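Chain naming follows the written order as A, B, C and D, and within any one chain the residues start at number 1.
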Amino acid sequence: MRPDLLPVALANYVGLASVIFFIGVAGVVVRRNPLIMLMSIELMWNAANLLFLAFARAWLNNAGHIFAFLVITVAAAEAAIGLAIVVVVFRSRANVDVDEVALMKG
Amino acid sequence: MALVLILLPILAGCALFALPRGDRLWSRVIGCAVAALTFELPLLVGNDGAFAVRWLSRPFTASLHFAWSGVSLWLVLLLALCTFCAIVATNVAQTRTLIALLLLLEGTMMGVFTARDILAFALFWDLMLIPPFFALVEWGTHRETAWRFLIYNFSGGLTLLLATAAFGILSGSTDVIGSTHQFAGSWAPWIFAGFAFAFAVKTPLWPLHTWMPATYADSPPPMVAVISAVQSKAGLYGFIVIALPCLRTAMADWRWLIIALALVSLLYGAFIALTQTDTKRIVAYSSLSHLGLIVLAIASFNPVALQGAVVYIVAHGLFSAALFLILGYMEEREETRSISKLGGIGANNPKLAGAFTIAALAALGLPGLAGFAGEIVILTGVFKAGYLWPALIALVPIVIASAYMLRLLQDAINGPVIATLPQRRDLTFAEALAVAPLLAALLFIGIYPHAILTAVLR
Amino acid sequence: MGIDGAYPLLFVIWLVPLAGAIVNWAFGPQLKRSATIIGSAAIGIPFVATLMAWNAATQSSGAAVGAHQNLFSWMPGFDFGLLLDPLSLIWALIITGVGFLIHAYSVGYMWSDSAIARFFAYMNFFVFAMLTLVLSDNFVGLLVGWGLVGLASYFLIGFWFFKPVAVAAARKAFVINVVGDVAIMFAIFMMFAKIGSITFANVFAHVGALDGWLFWTCLFLFIGAAAKSAQIPLHTWLPDAMEGPTPVSALIHAATMVTAGVYLVARCWPLWNASHSAQLLVGTIGGLTALAGALLGIAQWDIKRILAYSTMSQIGYMIMGVGVGAYQAGVAHFFTHAFFKACLFLGAGIVIHELADEQDIRRMGGMRSRAPVAFFAMFAAVLAISGFPGFAGFFSKDQVVFGALEHGHPWLYAVGIVTAGITAYYMFRLFFVTFFGTYRGDVDPEHEPARGESHAPAWIMALPVAILGIFSVIAGYAMIGSNPPWSRLFAHTFPSENLPPVAIGEGWTTAILFVVMAAGIAIAYARYATPVALANAPARLRLESERMPAVLVRLFYFDDVIDWLFVKPSLALGRFFGSWFDPDFIDGAVRGLVTLSTELAAVVRYFQNGLLRSYALIVVFGAACFAIYYALQGTVR
Amino acid sequence: MTIAFWALAVLLVASAMFVITAKKPVHSVAGLLAHFFFLAITYFMLSAEFLAVIQLIVYSGAILMLFVFVIALLSSGVAPFSVGPDRLPKIAAPATLIVAVLLGFVAYGISREPIVLANEHGVAAGPVGAAGVFGSVADFGHALFTTNLLPFEITAFILMVAVIGVILLAGDHVPYVPTRRRARIVERDMREAIVRAGEE
């Protein structure tokens, strides 16, 4: 395979990434367990990363790699804080149903 | 020096909060001293006390430019006098706080009346709404009134600010009050509309007046004396120093609307005042009527009418401050504002009755008192400007004014003594001192109104 | 010494009453009854000064007699000054002269009232205001005086402020007078706009500049005059004003203030001379008022109200006189009327005082023996008002009635003659019912009159009445003769005109008037003073009050019509605006805005449900919208 | 390679579906682990060797372990993870599906447009790991520490902030005590609520 060619057409990567992304979205919207919601968010991060890498490969520009790297860092930070919030909420309310946490109701 | 007029009351007002909550003596002494100083200062300083520094350079030039001259001077003096009288008359549960608010009000309004830059004017315009708001929150009976006052007037402040910004951007500078700068162009009507809305709300002009009766009825008397006497003049002052000189063509295009609204205000306020039963509301609606006359004068574009308007601005300030203070005394004594429950107060309170009579007579335009001087000169000018019917219609409320003012006066102080009404002591020295300067000024201006005009025409 | 140019005594005449008012008002509680001395002196001194001015004026030779004094500039274009010319001198003489007598009388009348100092303060203030009115050299100054006399009248009508009736009457008087004030104001606008000045001299010099506005200027000036002088239809306040103390009625509501309208028309004679339609209007209103006042006088039983209607009627004569152009006749009638009407009121005051404030003539009778001074003085005054030859009213009324014919108004002439008959009838009715027969009331004759621990000496009330009674007889002679001081003064007031001779000469007019008057007196005598009538007086009077036509009892329905046309609609409008339109419509619109934003907020609030996942959904939806937008844009490109 | 891509695609979607459908969070974690593993392979196929390794180490090694720990921590409590009714509008799930499908098509459509495969700034592909070869560790490291040094440093800052945040949030500190004023308001609200309940 020529190094400047993708294994398959770029559109297939885009389609795959969007499918994974929306699976993540669906997870966030449908599930009420904050842990699974957080995992769904990770899915979305990764879908984005996949796109970064696919486009980087397509254009042979490693800026996409750098972005993916940054995304992983941010995702790590996000996961850490998200989990911390889950723990705090669980401590104060003894359950972690996100529907119960509705203080932002206007 | 004009900066002193603004900063001294504001700083003193803030400083008063350092006094203990229950303080009565020192806050009064400081308040009176500050108000008296602000009254004396423009008289002692020979020039117009100008102060100016550049404030903004882009997108348009604006300055912190303050001075008193012409109409400003009289409003400054009126404000200082009314504040002084209000502070002397202050006698509520938290005297210190109210006096502090009065001083803050005075300082911010000094800013409005001395500003030579529209942006500074607009800034102080919004600031001056805050002390009455807190007074309404603290002493009013309905929290709603305070919010209504604030929202209504701030929406005026918003259009004022927008119009100021548009004016600044299009004409390059907002430092135009007192200059001969004129602005015309396709945007001028919109800018004028923005200014006019703010001024009409504050004055108030029909149909933007509904915040007023409740506010006047609900505020503590010293505060309402200053609001009705001086703050309502901010709108008229704006018409005179901003709209009339700077947006002359736009205002000329809209003058029929303004005259129509002024006439409606005149009649409407008078008719309502005829049937109200709450003493303060009667005076509030009479204010609507009287201020309509001044708007009519301004909209007639006649120099004679404008002179009359200045006289009447001062006159109305004096008698409405006196009336509200006196109604406050009565409310405090008899614990009611309903005229059907009042009566016969004159029998035991000759000083109160005398003061009330003079104030009410000035309000109904008795010749020899200040109100008459303003009325006749305004209407002479309006008629001379060619407005036959407006001048004729504007005479009707004068007749009605005599009916409702006498109704208020007589129902309260004349007639048989009502048995269930506690007949309390007559005015104390401080209470009499609070209204005496107002009444003396009414008499002086009524006899010699030329004194005001020599300053205005200079 | 003439009084052309500056004249220092002018300030004495003008300001001394004000000083008296201020002193009495400020130190009333300390002065108590000493206020009577200050109060009377404050009028006596100006009276002496006025007499001196008159003396000086009669000796000046020039045709234009007058002192003029600039005061100050009130406003740019509004210069104030004082003017003492023959016309204002006549008024000033009556104001201070009759005023002084009434002040002296008041000392006795008000002696036992605790607020006597306040009374004298108001009375002095009134005299000051009235002098301001007549001494002003311009219309605005006149209007200032005009308003201030209205105020003084208001204070004095409502002097007994604990009486609700008095309070209501005071308010009514004031409001109707304000109608007049604003009318004069409007006339001033027209003069200022067209002529550019408000001084009499300038305005009268440029009457032509008013051109089309002339009639309207006259009309509005006359509305002012009508309100003050109780002319139809603005007269309804005058009878009610009788709620004030009797000296007030005598001074303000008979002798001086109510004649201010006559003064105004007489003062503005160049305007009226220039407008024939204005003359016709004023003359007609004056004639109608004279007739209506006389008719209403028939139906009254309250002694002061009868006098009030007769005042209205007599002022109608004066207005008719000055209206038709017989200015001198109108002013002459004012001059004589001041004496006999003040005399009538003060005499009635003595009677009222005697009977412990009883005012209904049906409960009087036989007062001849109980109040002899009042009887004789009032007899003279009644003859004078009826126009009995030789008495004061005869000269002036004759002039007025003949003047109407002379200036070409035969109908007004007829009205004047009929009214003279009715006047004689109702005045003698008053006189007979009050003074003849036997006493019909229930106040013990031996009882010490009126509420009084202490009394002023009786002469202090009797003497002014007697003096006025004498003047009721002799005042008319001031106007006859060719060169006595008085007639010189009158002669300089107005320019004389050469009028064409008329069908009925002045001698005939006098004769007709005498016959009509005699008929009036005869009817009154037949109805009230024959021995039979006197014997059955109570029953007859009761029958008469029962059979009185409703139209007279209800005063020609003027009060009802005014109430129905102006008062009720105003109140209804006020209630409509105040209790529905303002809170519900205008404020409703404002509150509608609030409701609208609240409703909008409720819609938005639905999305603000606090559910994390729903927020996520909204974010997704928003992202989708953006994506679709860009995708579509992409395909379009 | 095409076959490998499609196989990986199927596996990625399946594992992702498992993550969001699993009843127990710990199963989800397992699914996610598998997902990350397959993703790492995909990254390899895209010549992103370093990131593939990072993916395994950071995600699978660190972040997922964190999830496992939290699950373990919370499972020791007795309360269930989900209680009460689902308050999301009923329309949510179908809406998500529709939007997802729509966007999927859109994304697919966009990328079907011919994309010029440029090589302006990149480097030529070459043997794995060698410097100057696209996607190599050396290449990546060079880019990271030269051109993109500032963003790299900022990541450090972000991580530090995250650490501080976590400590503040979950750390064992003094619980939040409402001020007296607030307590009064709460008390008043409760009283009003009780009164209202009584009225109803």
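What we mean here is this: a residue touches a chain if its C-beta (ideal position, glycine included) is under 8 Å from a C-beta of that chain, and two chains touch if they have at least 3 such contacts.
Keep in mind it's a predicted model, so treat the numbers as computed, not measured.
Novice: Using the touch rule from the top, work out which pair, B-C or A-C, shares more C-beta pairs.
Specialist: B-C
Novice: Starting from the mean Cα coordinates of chain B and chain D, work out the distance between those two points in Å.
Specialist: Averaging C-alpha atoms per chain gives centres 63 Å apart.
Novice: Using Cα averages as centroids, what's the distance between chain B and chain C in whole Å?
Specialist: Averaging C-alpha atoms per chain gives centres 36 Å apart.
Novice: Round to the nearest whole Å and give the separation of the Cα centres of chain A and chain C.
Specialist: 96
Novice: Quick check: what residues of chain C touch more than one other chain, meaning two or more?
Specialist: Only 609, 611, 613, 617, 620 qualify.
Novice: If you look at chain B, which of its residues touch at least two other chains?
Specialist: Not one residue in chain B touches at least two other chains.
Novice: For chain D, what residues touch not just one other chain but two or more?
Specialist: Chain D, residues with two or more chain partners: 87-88, 92, 96, 99, 103, 107, 110.
Novice: Pull out all the chain pairs that touch, please.
Specialist: A-C, A-D, B-C, C-D
Novice: Which residues, counting only chain D, touch chain A once they are in their complex?
Specialist: Listed in rising order, the residues of chain D that touch chain A are 1-2, 4-6, 9, 12-13, 16-17, 19-20, 22, 25, 28-29, 32, 35-36, 39, 42-43, 45-48, 50-51, 54-55, 58-59, 62-63, 66-67, 70-71, 73-74, 77, 79-88, 92-93, 96-97, 99-100, 103-104, 107-108, 110-112, 115, 117-126, 134-135, 139-140, 143-144, 148, 151, 155, 158-159, 161-163, 165-166, 169-170.
Novice: What part of chain B is in contact with chain C in the complex they form?
Specialist: Interface residues on the chain B side: 152, 206-207, 209-210, 268, 271-276, 285, 304, 307, 311, 344, 346-347, 361, 364, 366-368, 372-373, 375-377, 379-380, 383-384, 391-392, 395-396, 398-400, 402-403, 406-407, 410, 413-417, 448-450, 453, 457.
Novice: Of all residues in chain D, which touch chain C in the complex?
Specialist: Contact set of chain D toward chain C: 87-89, 92, 95-96, 99, 102-103, 106-107, 109-110, 113.
Novice: Enumerate the contact residues on chain C facing chain B in the complex.
Specialist: So the residues of chain C touching chain B come out as 72-78, 140, 143-148, 151, 154, 158, 161-164, 167, 170-171, 174-175, 178-179, 181-183, 185-186, 188-190, 192-193, 570-571, 573-575, 577-579, 582-583, 586-587, 589-590.
Novice: If we count contacts the way the header does, which residues on chain A are in touch with chain C in the complex?
Specialist: Touching chain C from chain A are residues 25, 28-30, 32, 37, 98-99, 101-106.
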